[in-house]
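Each of the two complexes below includes chain A, the first together with chain B, the second together with chain C.
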Partner chain A sequence: MRSVLRVSPLPLATLVVLLLGVSLPFVSSGYVLGLLTVAFYTAVFAMSWDLLFGFAGEVNFGPTFLIGLGAYTAGILDARLAPHVAIWVCVLAGAVMAVVGGVLLALPALRVRGPYFGLVTLVAVLILQNVVVVFASLTGGEIGLSVPDVMSISASTNYWIAFGFMVVSGAVLFGLSRSPIGLVLEASGQDAVQAGALGFNVAKHKLFAFIVSAFFSGLAGALMVFYMGTASVSTFIDISVGVQIIIAAVLGGRRTVIGAAIGAVFLIGMGELLRPLGELATLLVSVMALFVVLFFPDGFLGMLQGRSRGG
Partner chain B sequence: MLEVRGLTKRFGGLVAVKDLSFSIRGGEILGLIGPNGSGKSTAMRTVMGVERPTAGSILLEGHEIGGLPSHQVARRGVGLVFQHSRPLNRQTVLENIKVALLPDRLTMIFASAEVDAQARAIAERVGLGAVLQRKPPTLPFADLRRLELAKAIARHPKLVLVDEPFAGLTASEVAAFSELIAGFRAEGRAVLLVDHNVKGVSALVDRVVAMYLGEWIAEGSAADVMRDETVRRVYLGGALTRVARGSLDTSGRTPALQVDDVEVRYGKALAVQGVSLHVHEGEFVSLVGLNGAGKTTLFNAISGLVPHNGSVRWAGADLAGATPAAIARGGIVQCPETRELFGDMTVRENLELGGHGLDDAERAQRLEWLYDLFAILRDRERQIARTLSGGEQQMLAIARALMMKPKLLILDEPTLGLAPVILETLSKALDRLRSTTRLTVLLGEQNVTFALPHADRLYVMDHGKIVWEGLPERFEAEVADNYL
Partner chain C sequence: MLVWQILIDGFAISALYALGATGFTLIFGVSGVLNLSHGAIMVASAVAAWAIAGSLHAGAYASALGGMAVGVVLAFATYFIAVRPIQRSRRIAEAEKEIFILTTTLLWGIILQEAVAYFFTSNAKTVLPIVEGVVRVLGVRTPSNEFFTALICWVAIGLLWLLVNKTRHGKEVLAASMNPRGVTLLGIELSRIHIAVWLVYGVLASLAGVLLGMFLGVSSYSVGPLTASAFSIVVLGGLGSVSGSLVAAYVVGYLETLTAYLISPAYRTIPALLLLVVVMYLRPQGLFGRR
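Showing the complex of A and B:
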């Protein structure tokens, strides 16, 4: 039952979260801010992934291929050419490179389906990882690449940049998913033959999804490099990083975009809270993720929606 | 409106459609009919651009559309009503219809109010006006079909293709759909109905084209096509023959298999409705019905593969709650339509797996007996199952089922897609089983010619129900016309 008095909770909740998010640096320690900064970038990774999987129906097991391309392109440019190029040029170049990677990834996606495409994305990550290791003089190899520039040394500023970036990316991706394009994408993901018979160019729409997903992944990867000051395989490319992103998106609730962000913040936060337990922490978080995926396949947001529908 | 000339579609070595020609005028409803595997659906999908034609031309209002991708075919005015579809489950009915109205552009961030009005009008027209705000998972089956219809006509296609328009619908729903489809004709659109038999669409169509094994076999009014010799032969076989054997005296005995009032639902579609049948020990019973009649579903219910209501009793015991494995061990072995061979194993390995429960001596003896029954399998012993021809695969599937020493063998559509010469071999093997063993067989077939000679008794199934039961000799006189 809809009553006149009840205000739709979504805009209200969004406003509260935004206000809390913006004002946090005034009350919180640098440690928490640093943690959340990483969480916010991870949130963008997860949201970009959700656009591809949840809507276009493409199972990308290698989100870090796109992220790594963005991060390393930006990092290498800066390391080689600083101080002759501005940070934002490097970041933009990273995003562009990721888009190129996204288009490359889309080509096999339009030919092979399901598990085979998933395999292609995994191999793409391994190739990128090997390239980074082999061309160590350029990329820093296994030790990592340190960049001369950082965005800011203030934890608060870094936090605000990450938060703002996440909010803007989230708004764009969420808006897109709710727009007619999102509907057509979802229809193409569910039943490509029928979408074609309804007059939609499925290939074009999927390519678009790849480009958007790659753009935001690359942008977030590049920005994160200039927050951390280094780029390494273990933070940007390793398969386990990709798995974390996928778990975050599924935990939060797939096909929701916003859920992916919630999942990412939760996952990073949990990992940190449980850190005193040592190796046990990873295990606990994994078990929790497994539990949610098994019993609430629609994730956190799915649980909420399920309850509101039932009540 | 539509002119198809010399259309051929090949999948690898399989010729699905061979040199097919037909045409439809605006304001005309054409029925394209044929038994399962005749290529009618492939022909329809090729017109829509889902499949690329191998040869031939498809002209829409004089322009070639053959080989164009489906979204371009759609834009030129062709719409397809899918039989199965996956609607957007999290969006409402209204939003689902709106999707079909959206332009194929990436600049469309906001849908216009006009789209909303159009979507409501279409929903009203197909009878979805009352459920606009519901989501597809909560809709009854007929409404899901209406939603498909709504999406297909959203762009005002000049040519509407409808795949099995009445499958799974009740009589009153069929009437409502017929009216909607007749409405397209009244508006001057061309309509192509694809269905299994003439009977289902005869009231609606202006003309019928019949297909068999990818080829055009007859054309004319529904009545003409039903009278056509070739069509009768395809559906009923030439002269309906039967091989009598010493009649099985079953009076007073309890049937080995007793199925009572079984009902199976797939989501919202009622696939099997209140079916009762029985099979006596040693009896060969055929269940005939067209594709989609519910035969396979019924078999799966008996084998415990799908949940069902009603009771299935085997050798006096209720099978409710028994696992498929327990049922198979109990002696009911199903040889499925899809064969389910282990494609990467040899013929012999497939057979040995079938007989893994037997001891070595018995297995060897059984293998020998089967190689005797299907001589070709002995020659193919070391060949990988996947590389066998269709007929050989079918023989292997039957042989593997027989390795399990079934008491009741359920054979589902063994003749599907096989050449006549293979049918003869299978037919002989069945004859031998019938005359030399105590095996009980339940055979599901749409090919009556094949089913009739091997039957002690016959059931006819249609739209999930048993519509006739009797002896084979009465089939032609009593129900053959119903079957066309």
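Showing the complex of A and C:
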């Protein structure tokens, strides 16, 4: 009897969330589905960021560098070669390009640390943003790039694709973080010298983390382009988008992967709930986020764990 | 003609960059804090000066001073709301405090930025200039305000140098940046030094903000670029090295002005960004940084 009660609530909760998630389109309006579709892609952005920061300990201010590379590669390919190339080829190309970007970003990460690396990632975003604006004939510049193909015009289908993608990415990233590789990453994030002294190849593991994070960020970015039908700097590259991803991950709880997804859905949902307040919305969301970070540094998941441990 | 124009414009812009970056690097040198709400404090001070001039019909000097007072208050608020609670927290691991302070100051900056946008709209605002009119120097028509800006920036930087190197309190600050533990052993309270440094920072950042507001104008959209430019100048010069920041400010300022005049204003920031990437690859500690 007691052993039944002791079963961790996690698998059950996961099952309930999965069932609720899958069946939502049958009861919910297109408006809510559209909102959640965006939230799910943002969740993948935040989870990929958490793998790099929470585990590998890399202060990455530029998640949108990887996302933007994926989104724009996919978008430009489709816009140029529309009927001849299938959507999935474009999406894959976007993911590959993001991985290339991830490797480029990993090179300085192996040399410089902390704030220095943070600045490199910030600069990478600014350069990408400038490139998009300068090569406007190819990228659509500041107006944005419109893509001839979309994945689906049905809100439910788009929702299911995004939900499935988030669940699969979440499972892979979560599994990875709980695997020996995740442990080595966490160790090298906390003390690279000691991890190296224990015989682990820190550089190889970090490079791997960058590649995985870039792959999922790029894939999510590319998929989101084909959901929205457009790619623009303000939705995929701008620093404020990256800031939102970072806040989502920290808010949900670092080093949890799943927390990042919860944080992302919360942020997007909250932003929408408060939309009637106009410009006050961002202000209130930021105040809430600051409050959580100051008083519950382990985020939402940390709050839950703290409560269950205390009770 | 063009050469002189580039030299004069570049000098004024760079002086402003230098002043903004000095405060940023001072805080980092003494307490290891990278204050990502830097741009927001600059913009808020400028907007406060603008609002005081507009609603109270105050003169140029009074509104500039009022704006600076608001900036100093905001700098203290940053310290007490976003920095100190994290530094003192026992629940956050020592190794993670850096990223936590980056996150909280970033959030605090967004809060300030959105508050400015909400109460004063996000339109560009120009602060009432203290010096008006245009002068011809070396065949270039230049607003007198541009010279005034450069002059004030250099006076402020000079005063800071005197304060740090020639006064007792300044030497305490300098010592704290070299070895905080040693300073505590000498019986000097570290928290008092931190408060003094944030006060100096508030004065420098708000002065830079108000001058920027007179020179080019500010809006809530300038918050991000201002923080990014201060951050990159400071890293380019070497974190914690004030003289390095001054040199880097001039390198970046002239590079931007040259690009704007000779190539196109649209490409203004690109060469400086590329330079930064190159320096990060070849000399990660910055031009004058020591590891």
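Going forward, the second predicted complex is superposed on the first by the 305 of 311 C-alpha atoms of A that agree within 3 Å, B and C clash if a C-alpha of one lies under 4 Å from a C-alpha of the other, contacts with A are read in each partner's own complex, and residues count from 1 in each chain.
Keep in mind that, in the parts below, a contact is a pair of C-beta atoms (placed from the backbone, for glycine too) under 8 Å apart; a residue touches a chain by one contact, two chains touch by 3 or more.
Because the structure is predicted, anything quoted here is derived from the model rather than measured.
*Asks:* Looking at the overlay on chain A, is there a clash between chain B and chain C, or do the two fit?
*Replies:* They clash.
*Asks:* Quick check for you: in the superposed arrangement, does A:190 touch first (chain B), second (chain C), both or neither?
*Replies:* Touch status of A:190: both partners.
*Asks:* Could you tell me if A:208 is touching chain B, chain C, both of them or neither one (first, second, both, neither)?
*Replies:* A:208 contacts chain B only, not chain C.
*Asks:* Is A:286 in contact with chain B, with chain C, with both, or with neither (first, second, both, neither)?
*Replies:* After superposing on A, A:286 lies in contact with chain C but is clear of chain B.
*Asks:* Is A:247 contacted by the first partner chain B, the second partner chain C, both or neither?
*Replies:* In the superposition, A:247 contacts chain C only.
*Asks:* Could you tell me if A:27 is touching chain B, chain C, both of them or neither one (first, second, both, neither)?
*Replies:* Touch partners of A:27: none, neither chain B nor chain C.
*Asks:* Applying the touch criterion given at the start, work out whether A:198 contacts chain B, chain C, both or neither, answering first, second, both or neither.
*Replies:* A:198 sits against chain B, while chain C stays out of touch.
*Asks:* Who does A:153 touch here: chain B (first), chain C (second), both, or neither?
*Replies:* A:153 contacts neither chain B nor chain C.
*Asks:* Just to be sure I read the superposition right, which of the two partners does A:175 touch: chain B = first, chain C = second, or both, or neither?
*Replies:* A:175 contacts chain B only, not chain C.
*Asks:* If we overlay the two complexes on their shared chain A, which of chain B and chain C does A:10 touch? Say first, second, both or neither.
*Replies:* neither
*Asks:* Determine, for the superposed model, which of the two partners chain B and chain C contacts more residues of chain A.
*Replies:* Touching more of chain A: C.
*Asks:* Identify which of the listed stretches of chain B (40-48, 166-174, 184-192 or 328-336) has C-alpha atoms clashing with chain C after the superposition.
*Replies:* In the superposition, chain C collides with chain B along 328-336.
*Asks:* For chain A, which residues lie in the overlap of the chain B contacts and the chain C contacts?
*Replies:* On chain A, the residues that contact chain B in one structure and chain C in the other are 190.
*Asks:* Quick one: which bits of chain C touch chain A in the complex? Just the residue numbers, please.
*Replies:* Counting only chain C, the residues touching chain A are 34, 81-82, 85-86, 89, 91-92, 95, 98-100, 102-104, 106-108, 110-111, 114-115, 117-118, 224, 228, 231-232, 235, 239, 266-267, 269-270, 273-274, 276-277, 280-281, 284-285.
*Asks:* For a test of understanding, state which residues of chain B touch chain A in their complex under the given definition.
*Replies:* Spelled out, the residues of chain B in touch with chain A are 48-50, 69-71, 73-75, 79-80, 82, 85-86, 88, 90-91, 95, 98-100, 102, 104, 106, 108-111, 151-152, 154-155.
*Asks:* Considering the complex alone, what residue numbers of chain A touch chain C?
*Replies:* Contact set of chain A toward chain C: 53, 59, 107-108, 111-112, 114-116, 118-120, 122-124, 126-127, 130, 133-134, 190, 239-240, 243, 246-247, 250, 278-280, 282-283, 286-287, 289-290, 293-294, 297-298.
*Asks:* Looking at the complex, which residues from chain A come into contact with chain B?
*Replies:* 175, 179-181, 183-184, 186-187, 190-191, 193-202, 204-205, 208, 255
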